[in-house]
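So that you can tell them apart, the chains are marked A, B, C, D and E in the order they are listed, and the count of residues begins at 1 in each.
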Amino acid sequence: MTTAPPPSPPPPNPLSFPPATFQKLAPKIFLERHLQSTPATRPSGRNPDTFRTPSLHTNSLSHAHGSAVVRTGDTAVVCGVRGEVLSLAAGTGGRIVVLRTGEDGRGKNGEGEGDEVRERGLVVTNLEMGTGCSRDYHPGPPTDFAQAVTARLHRLLLSNKLISSQSLRILDPNTEEVKAYWVLYIDAVVISLDGNVLDAAWASILAALRSTRLPQAYWDQDTEVVVCYPEVSRYKSLDVKGLAFTASFAVIDLGAGKGGKVILSDPDEFEEGVCGERVMVCALEGEKVGWIEKGGGVGQVAEVVECVHRATERFKIWEQLFAEVLGSSG
Amino acid sequence: MSQNLPLPPIALPGQPLAQSPPYAAGPGTYTTQNPTRTVITASVAGIPRVHADKSVSVTRPSPSHPLLLLPEVASTVLARVTRLNPRQATVEIFAIQGGGDGIHGGGDGGCVCEHTFQGVIRAQDVRATEKDRIKMLESFRVGDVVRAVVISLGDQSNYYLSTASNSLGVVVAHSDAGDPLHPINWRQMACARTGIVEERKVAKPI
Amino acid sequence: MTDRRRINGPLEGTIPPVFLTSSTHKSIIKRSPTTLRKIFLKTGLTPPATGSAFLELPTPSTHSTPTLKLTSSVYGPRPLPSSTTFSSNARLTAELKFSPFSTPGRRRGYIRDGVERDLSAQLSIALGKSVAVGKYPKSAIDVFVSVLDCEGGLGDAGDEAGGGVDVGLMSVLATAISCASAAIADAGIECFDLVAGGVAGLVLEQGGVVEEDRVEKSLEVGQDSDDARRGMRKNGKVTLVLDPSPIDGYIILAAAAVGYMAARDELTLVWTKGSMGWDGDSTDEVERIVDGAITASTGVRLVINEAVKERLLLGLKEMGLIRGKAVSGDGDAAMS
Amino acid sequence: MPISILPPQPAQYLLPPDPDSDRENEKVVLDEDGDFVRMISTPRKRSKAIPIVTPGEIVTSDPQWMRGHGTCLMRGRDSAVDGDDSDVNKLLSVKPLRARYTPEIGDLVVGRIAEVQSKRWKVDINSTLMAHLLLSSINLPGGILRKRTSTDELQIRSFFSEGDLLVAEVQSLFQDGAASLHTRSLKYGKLRNGYFLKVKAGGIVRGKSHIVTLEAANGAGEVDVILGVNGYVWVSKKVTLQAPPGGESITRLEEEASEAIYSNVNEDIAPVTRREIARVGNCVRAMVRWNVRVDEEVLNAVYLSALELEEMGFTEEGGSSNGPECLEGEVGRRAVEAGMERVREANSKARGMVE
Amino acid sequence: MAPLQTSQQTGTPLSPAELSYLHTSLTLTPPIRPDSRTPTQFRPLVAESDILPSTNGSARMIWGDGGECVVGVKAEVERNSATSVGPRDWIEINVEVSGQRDDDAFLGMTVAESLLVPGSGVLERLVLGERFHWKVFVDILLLAPPLSHPATLLTLTTYLALRNTFLPKLISEVVEDPVFDDDWDNALPLYPVGKIPPPITLLVVNVGENIFFDPTREELSAGDVVLAVSICGKKVVGVRTLEGGSGGVGRAVVKRVIKESCEVAEEVFSNLNSVGEGD
């Protein structure tokens, strides 16, 4: 048995425990000891600024229009996207939106587009954690945490305006009137959870959307229903605009003189349990930032800046992975 | 180690390993009765071994989940005090250090429980002497880590624990101010920073 | 049913796409009736769980045919919830859930439906009989199975299966048993034997007459229907198919799924659908179909054995690595 | 015939065998919830028809009656009360036939452990409330004089654990009506070597002796029947305490017995005994089914009649595949009727002797 | 969740001594059942059919232990739906156990699987011309759950009700909207004599080498394996495993259970068919 990094006060208690017991006994001290060693190493062996290496597979599900499996370390999420048809015919009483596709300039209708997706609820995002992915989540109604993550994912999806409503419209081929919409059911199922579910779930959603191919559909005037062409060759990819990737961080304060604040990239379950302070940055293409969340403590602005830097680095890794798996045709 | 009993390198549940008359069923095995003989059969996937006492066991090599331990009567456990009243202390057992003749109890270091088990230490089980003069508040505080031994599986919710031995009692404690305490004698602990002395049922440091 | 804790679709309701012509998945590669499909099974893919396994069937999969994919994780023995009464045995519960995107046709909801409850109950019966529950007093062993993808044939609305018995649910259950059993072995929970699931079906060969017609006709002319059917079956038009897939396009007269402990030669679960005759001789249908399902499960058992062993060997290697690491001075920490 | 399916018939009851016997002052009536009820202290000289009282029905306005259970007063008048019998007392009560058991002090009950707590057991005795059995109310192994220690508390499950059956006496009642039991006698305690059955609580007469020993037929030895007042019945092989040949003291005997009192292992029971145990159980069930209340005398008689019926080869009409000891349906009725007849004969004979 | 929970409202187990007594008695040759029945003997049942005048068919059964079941069958005319759902939905089964919130998945599934077994021919009789069909609702109410498992009681009652279900005779042409003969005497049976009858499900428990029909609650607890065998005419139309016992069971036992069920079922059918003929 060897001792860990030098404890600062003289050891008042010579009792020693195996690391696993120590971790359970005093999780905070356990993490602090690890981070105070040189070089600072996390219990998982990662450096504070190291993210877990992601892996990605797409289109492995038979009945989804698009799907992806993302694994970062021991966190794994499967996401399936499924299109169903929302008919605007009788019953919606005067709410028929008439939009001519020809005059659909991006600048002009940019605002309206997002609203169409949002107002009609054309994107339905859900995160399921009751799958035995971790010991704390049981089947049944989603926990508060699952609901909160779902809401964040949904918000990210809408606010980044990744999906153009144009690609969800189903038209009457004669009048070019919008008669129906595709509704995208995006279900992210967590099959293994070891912290930072948001990054993995978000990446799986984005990859699933980018792999989604919907059947070509049109409004059939005679039968007054939406009909699709069965040929796979006539399926069309969803128009997903750009890329956005989240990067999550946990912050721990080791105290003045003992290392100060340490920002842990891509925290695992144990680190999330110990650290109260969190930062999330959603990075966009061209070194832009789309969304920043910060909570659970008071931090220097520099901290957030550091997080943004790391997030843009992380963006490149995801971007490369997506290019490899999905092809560069963004 | 024994004598030419041909064992497979890896045993799987249901796999027959040896006959019972010469050999005995050890941890990780069970016996099945045939009309003609009793067969020792593996009940977990792992490495089968024959021990000097002719018992056959199957042990798990997996480092991530080495042992599946449950608190048993006579096993030594580590527990954190969660509630305290004059009659008993409620604790959560978070590590089992073996000691009982547990079926998986091969490991020396014991195991950390994935889930904590709830237990109680009744006032009369705190120490072996002067049982009627025990005051719970002078023995434990909420948050203390206690080494204790399981004396009964108890009822549906609690295991019954005892600290009535020199080696058992509080092993980790913090003062009211949050500083760590270290043991002075079997009933007192002191704070290194302030020197404040608090009362505990202290485990004799090993 | 609206679920206020989840994000729901538009209130107006949506329908799955309707196609001009119905396209059915028909498998191109025809197996011989006694060939099992290849299975991919790997344990330990959900590290937070005590034990876990992932199963994919068939492997390798092609994009044109649907596959069956499920994950299973096992937790326990862990304390029972405080509301339950004392039990000197472990309580094993199994939960099988279809993911929303796993089935053809409509998207599946999150709230547990009757099919899921039924399969969960059968799964816990099949596994519970194999686990040495007496070794774990006062504890719960929880088994979770998530079906990520399945082949259809579930008997759902809009999911036609050609007039015969649907074997979709049966193969989901059988693979769930195998996958969960591998996860239990991975967890190191003591059990009498590992359970493997197997399915077999009696199939009307291509070109045969759909059964109900034949029965009706024979009745109309006043014949004994059973004789007619038996005659038809004895004429060799009925074949036993191991591991039938819903996409094989068979007309299945009867099918059985079993949970089977090969080392003990014992069954933990029997589930049959479709009508089977019993005419007393040794070649009758019940016997054939049960034996067929057992044969199928024996094949699956070999895969489970390999998957469990593979992981154990990996564990042995890791152990070696960790020992080396401990010597180099990392890992332990002293308590303060 | 594996199954007999009968058309529905109006409820049938066997009337008490003899208008002059003691048993006669019990009648079948209907109670508050529309269940059939049995009346005690019913009028002896009233009509022979089964008086059925329904809730709200005025039974009597005679002020000499005191209101008992199952009755209430309406504006100074008794209602739902019936009867004029004065040779017992002036208390009038209506007892539901199908009801939960209401414990009374001194009752012998058979119970099943429902829950084990740190110092007591909760026992299901077919009552609305669980009965309590305190750790201090049982005999501990090692003799009566043994001191109770805290170790006993830790091993409480080694005495009784969930599901275990026991026979006990109601020692006292709590404020809320829950019973407190004790087993501090060698005739009480854990039950083994037999079979448990459950009849409705009113089916067993509160009588002198609730532990009945029957001399079973076919060389089966003696069979003990414990008729719990609560409707729980235990039928078992009679186990006699063998006095050791040295003629040792009775305390020694008690000690030895007490070592085994919490055993869960049955002794060897011969198939023939098992068969008679089943037959006795069927007799009890048939008697309750045909509304004959069970006590030692009637049980004995019905048992003998059941044996006779088997000898005569009477089983279900036309059927031969029934078990010969089975008393379902019509056979049971015949056996019970014959048994009642037997009791009647014995009674009149006894009366004859007195006269 | 567990199928047996419907019958074992109290979760209290049997005592070890009791269980061992039962187990030994039941493994003897010949076995001794607690109520002295022979292995294939059922407890007597009281049954009547046609009890609900506003249904197309109904039945009621009472078990000696207090279990009571009522089944009503009602038929409605329904237009064939455009989004082809298939005839599987034409019979809707609803099992309600009084005092239980959820509908019973196990019982519902058992009934549905055996009733809708391919080849039974019943769905074909529901066709009403080209555009319409009968939609049949089978409502099974377990008024008082029996002390043992309700599957047998429930399916026997359902059998009786279906056997006595009549549908008005169609007098319109195939292409027209359906018009019916209003004379009930001309109504057609849903299950005509001579065609494949409705199924029943028998509960069978094995203890050692012995097999028992119509097991009581305690026999279920002492059993090694409990199977529900559904039989339709002379065919086995479904087997399901119920909770109970630890460890598996040999395949020979399973086959024997199925075989004996068929033999016993024949007698059960003949008895069931005579219900209502006496009066």
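The working rule: a contact is a pair of C-beta atoms (placed from the backbone, for glycine too) under 8 Å apart; a residue touches a chain by one contact, two chains touch by 3 or more.
The shown structure was predicted, so the numbers you read here are calculated from the model rather than taken from an experiment.
Leaving out subunit A only, every other chain stays linked by touch in one piece.
Chains touching both subunit B and subunit D: C.
Distance between Cα centroids is largest for the pairing of subunit C with D.
Here the largest set of C-beta contact pairs joins the chains A-C. Closest to the middle of the protein, by Cα centroid, lies chain C.
Averaged C-alpha coordinates put the centre of subunit B at 38 Å from the centre of subunit C.
Separating the CA-averaged centres of subunit A and subunit B is a span of 42 Å. In terms of their C-alpha centroids, the spacing between subunit A and subunit E amounts to 50 Å.
We define each chain's centre as the mean of its Cα atoms; on that basis subunit A and subunit D are separated by 68 Å. Counting partners per residue, subunit E has no residue that reaches two or more other chains.
Touching of two or more other chains is recorded for residues 15, 18, 47, 75, 78, 85-86, 130, 192-193, 261, 264, 335-336 of subunit C. Across the assembly, subunit D contributes 116, 157, 162 as residues in contact with two or more other chains.
Pairwise, the chains that make contact are A-B, A-C, B-C, B-D, C-D, C-E, D-E. Taken in their complex, subunit A has these residues touching subunit B: 9-10, 12-15, 18, 20-21, 23-26, 135. Residue ranges of subunit B in contact with subunit D, taken from their complex: 124, 151-155, 160. Taken in their complex, subunit C has these residues touching subunit E: 15, 18, 85, 93, 114-115, 117-118, 120-122, 124-126, 128-130, 133-134, 155, 157-158, 160, 163-165, 192-193, 211-212, 215-216, 219, 225-226, 253, 256, 259-261, 264-278, 280, 286-287, 290-291, 294. Remark: subunit C residues 44, 47, 50-51, 75, 77-80, 82, 84-87, 130, 132, 135-139, 185-194, 261-264, 305, 308-309, 311-313, 315-316, 318-319, 322, 335-336 touch subunit B in the complex. Contact residues of subunit D toward subunit C in the complex are 115-116, 157, 161-162.
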